[in-house]
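A, B, C, D, E and F are the chain letters, set down in written order, and residue numbers restart from 1 in every chain.
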């Protein structure tokens, strides 16, 4: 069923793009990481504020949330600013909710105490996979920011239980592919995002048929590929955070 | 690991709630279906308009989209109107995008021609599973509306290739459960939505860990349960559409 | 001057449409009434919340307010959602202010105490007279909700002094007609809404010439007809509320 | 039932406040009238633009509409700007719709042709009765603007069939009073606006019980008083327009 | 380089338009001044409120701010209302920030105490120079309002250290001109606003090349002309304030 | 009068911060320059689109405009996103209008033809002087983008007549300083922005007294210092553009 498919740069089907995490890209933030995955570049900044949203007040628990934005010229043709249009679009909402949920799954909110961490994920250049890159980069920025609280003696230990990372997988002309760039993504029949923790637990799996429905067997292969990629991302995160 | 869990009304773990589809609830719409799943009630109305959004003009292809709303008192405590707050929230955006994608996966856009179908899914009462009920009900409303175009001789045949339906599954205290009501949903460790076509293809699978990550084995059981439920929903849809 | 005019369904000029009030349509609300007047259907839900708006705080007095909405496909051609357009239109504002004022005229705010009652009036199907139907239905929903506070021992007696109901009258081709359906309304020279209390007091009379001015004599006949209709609505309300 | 009531300035119950209309207050507009009624001052400017809203295009008919605003310091305590709050309030919508309807009732839209007249009514100082003053002032501004089209030979004759004017009446401590100032209005049990044409036809009558319902007899007296006041306003308008 | 240029009304290049300040135009405000400069007319109303914005609370210091608006028909062709468009435009923001800064430069905030003064500057007619007229008029309205606090014994002395006034200068066909009207302004190569205090200090100088850059020498001449005009405005202010 | 003032890093009063321009920072844009001035970093991307705004259509002339944004964590404490707040603030409007005007002053719009160039200036890190850095960086990005049109043969020659650059000057404790960093800027008595063309013409001079008015002599010194800085920026731009 699958037509042999040649990936740009001769990448193997289960191979990540060249990926790097640069800590400290912005000096003003408590934690700052620039993640680059191929041509995709997302700047992830962590801000720790005292206090929590109303519904958590006096609960002794903290909160982690995310905001996502894209510079107008991150894309090949310019996208108007959401600030200019006066409202956040549906896609942006969907992505920032996903990032927030993913990060909250690995943070012990009681250990964090009544603090709010905001992860700002801003896409400087977009070539597919920006939301999963944002999760991976934001996790590293969050870990760095929380480490500083530990170093400063504010917290006895880092409230992050383990790392979390994410990648995309998809099916193009019947081939399961790991970490799709924009060109591949736009031809994909199926597009899947997988968020996994260091200990191998699944936090979020979202597989969407863009053109043709997929089978459970294909779902299995996509999960296998995603795990290969995410294992590699954990290594990069560990290297960056330390 | 799983604690035995008694469902409200002694429901079995792989049993749907009492579900019904009432066609023609609103006489003004081209297709109208009230879906009831337990206490959840969603009114799904299909509108067919000539013309398509700008990016499809002169393509010969049609478009199917959805809007989702909830009456303020669909819930036990009142929720302020989105119109009053002046913007559509992130959750609403996420749901209406999901409904739209699900329906588009079974419609032959070329056979539809340059027409836009809008599915308005309005929740009159909410007791969990409103987004999946909306997909199942909207599919029936869409089928009815398109049948009228065929009967009127406007279209030679119904551009809907097959039916699509959806249900939720989840894990509560370690037990996989089908079609969660609100009370179950609020305790769930994992919450999953599955959208499937009549021929068994997967259109959308979204599994979110609310508290603890899940394993691939649990993902498999959830998919099994979902398929049991959705098979039953197809019967209800077929009965309603004819 | 008047051209004889045949009403749809052979209705007499001073005859209401078939009207019914169904209590308990939504189980989640403190008071819920579905009012049907011909093809017009409005769901009226009452919510009682503790506390009052700022300007009434510590006054010992309560507040009653209303919100009005229309489902997009309540009408023969679809009307875009106000939530989607990001603002409440002038017509909606006008209607919700009218409903609120009408209900406040029969409630003893000191007996209500520092509570706010919100009446959500949502039009499921619109065939003329939705604002007056909303007043009549909302009054019944409000009475039911307040009765529950009395039954629960929260209030010693119902703070509603008497019932209030409303209907529309108009002039079509010179004929004064009671309770206009959409088709009649769209041809009307004059359109009038009358809100009256059980004891016969006028709360609100609004007569608008759409095409030709009207005389004081015609105004008198419209008030006579309105009173005939409203007397009948009080019977339906009393039956529903008990 | 009525307690004798002493009006500020010893005004009689059926006496208007000192009222004047100043034409040409703003030189930039096609028609401009400053109306003063006691301390109430409303600047009414008419703009005539070619073209009509979409639904009237190619109908050969014109359109007349109104906008209403209040300077922040028109009132004794400052009211925040609607532009600052980012939306037009319900009261403003209600008023501008009323002004528009009132003026349209006396204009022959076919004689106007495909032109749009916008009447901007801006309250410089508010002491009650701003909406009725706006109608009276805007009618004069409209007449002046249309006269210029006739003088310029653009139109063969003025499309305004007759004048229209408005005043308020109310009941204070049981006394029917004409043309209430703010202090009287804030104590009124009933507040009524009457819009009448020169030939005595009623265009709009709106009587609202703020505290106690009113009787049909009281409604009659209010209409009598309104007619006395409006007859005087027509004289002022005729003097201004010529 | 300069082409001899004949100003409307034979005005000299360094001559202000006929300018007047009318105090008490609106009786409701603490301070009210209508400034007229040629055909430009701006109504400036001062409101004094107790309390200050959040960031100044418990600082013992006051705040002075301004809002600017233009009636739709202040201009030769009608400008849509900002309230209608739902947002304040960039030009308005720029102007109200300028007015606020200018006035704050002459007020002793500690002497004012925790009070906020809002200057509403509303343009009734616009013929160039509205922002500088607003500064000059608002300064007078502010002085009047603060004088009342002194007269009432609320403040021991007026917290205004000195007066501030503003005018525009520009270059048209190479000629430096003082106080440009709209016709001149629209042909200007350079447009400059100068805000100066009574003691001769510069508060704000903004010179913008609309078409051709300007030299430092031209900048000097523009400042000379501005000073001539502003000296005259101080006389008018002093006369009005007393 | 001036207190000797030690600048961070021992900078001289008339010395720029270390400044660099990096071309090609974002590969997707027609022209892209990252400008760094001390810790201030602004990403300037140029987009060239065919067509012009409505008022220029069929004029044969082009248009150049700018948008300005700041990442939430560009600053030491996080600033909420304008997209989240649903509107562009006054400061942003003011800045993007300034950037647009500055660039338009050096472009021959007829030579550009009916094209629109949008300069997106996004602040990644803010340490004072972001608006002047944006002008300097955007000018370089614009030159690069226009050069590409010349290289591609679309335009016969670059429509940019000369370069334009900008810097800030100010007065701190009586000392005139060039190119203020945030710490200096927050203590400044006077803050000035100067925009100059390569041939020495002034395009925009804005000097604002934040605390004390300034003299004409001080204005002169500020202009001298600005010219020193801008001459250096032209060298950097020429080096980058080639």
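Here, contacts are C-beta pairs under 8 Å (C-beta built on N, C-alpha and C of every residue); 3 or more make two chains touch, one makes a residue touch a chain.
This structure is a prediction, so every number in the text was calculated from the model and none was measured.
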If contact pairs are compared by residue number, which of A-B, D-E or C-D agrees with A-F in over half of them?
D-E
From the C-alpha centre of chain E to that of chain F, how far is it in Å?
28
Can you work out the whole-Å distance between the CA centroids of chain A and chain E?
51
Junction residues of chain F, two or more chains touched
86-88
By the touch definition, the chains form a closed loop. What is the full order round it when you set off from chain B toward chain C?
B, C, D, E, F, A
Touching residues (chain side chain B, partner chain C) in the complex
26-29, 32, 39, 43, 45, 47, 49, 67, 69, 71-76, 78, 81-84, 86-88, 92, 118, 120, 122, 124-126
Chain D partner contacts - residues on chain C that touch it in the complex:
87-91, 93-94, 96-97, 101, 105, 196-197, 199-209, 211-216, 219, 223
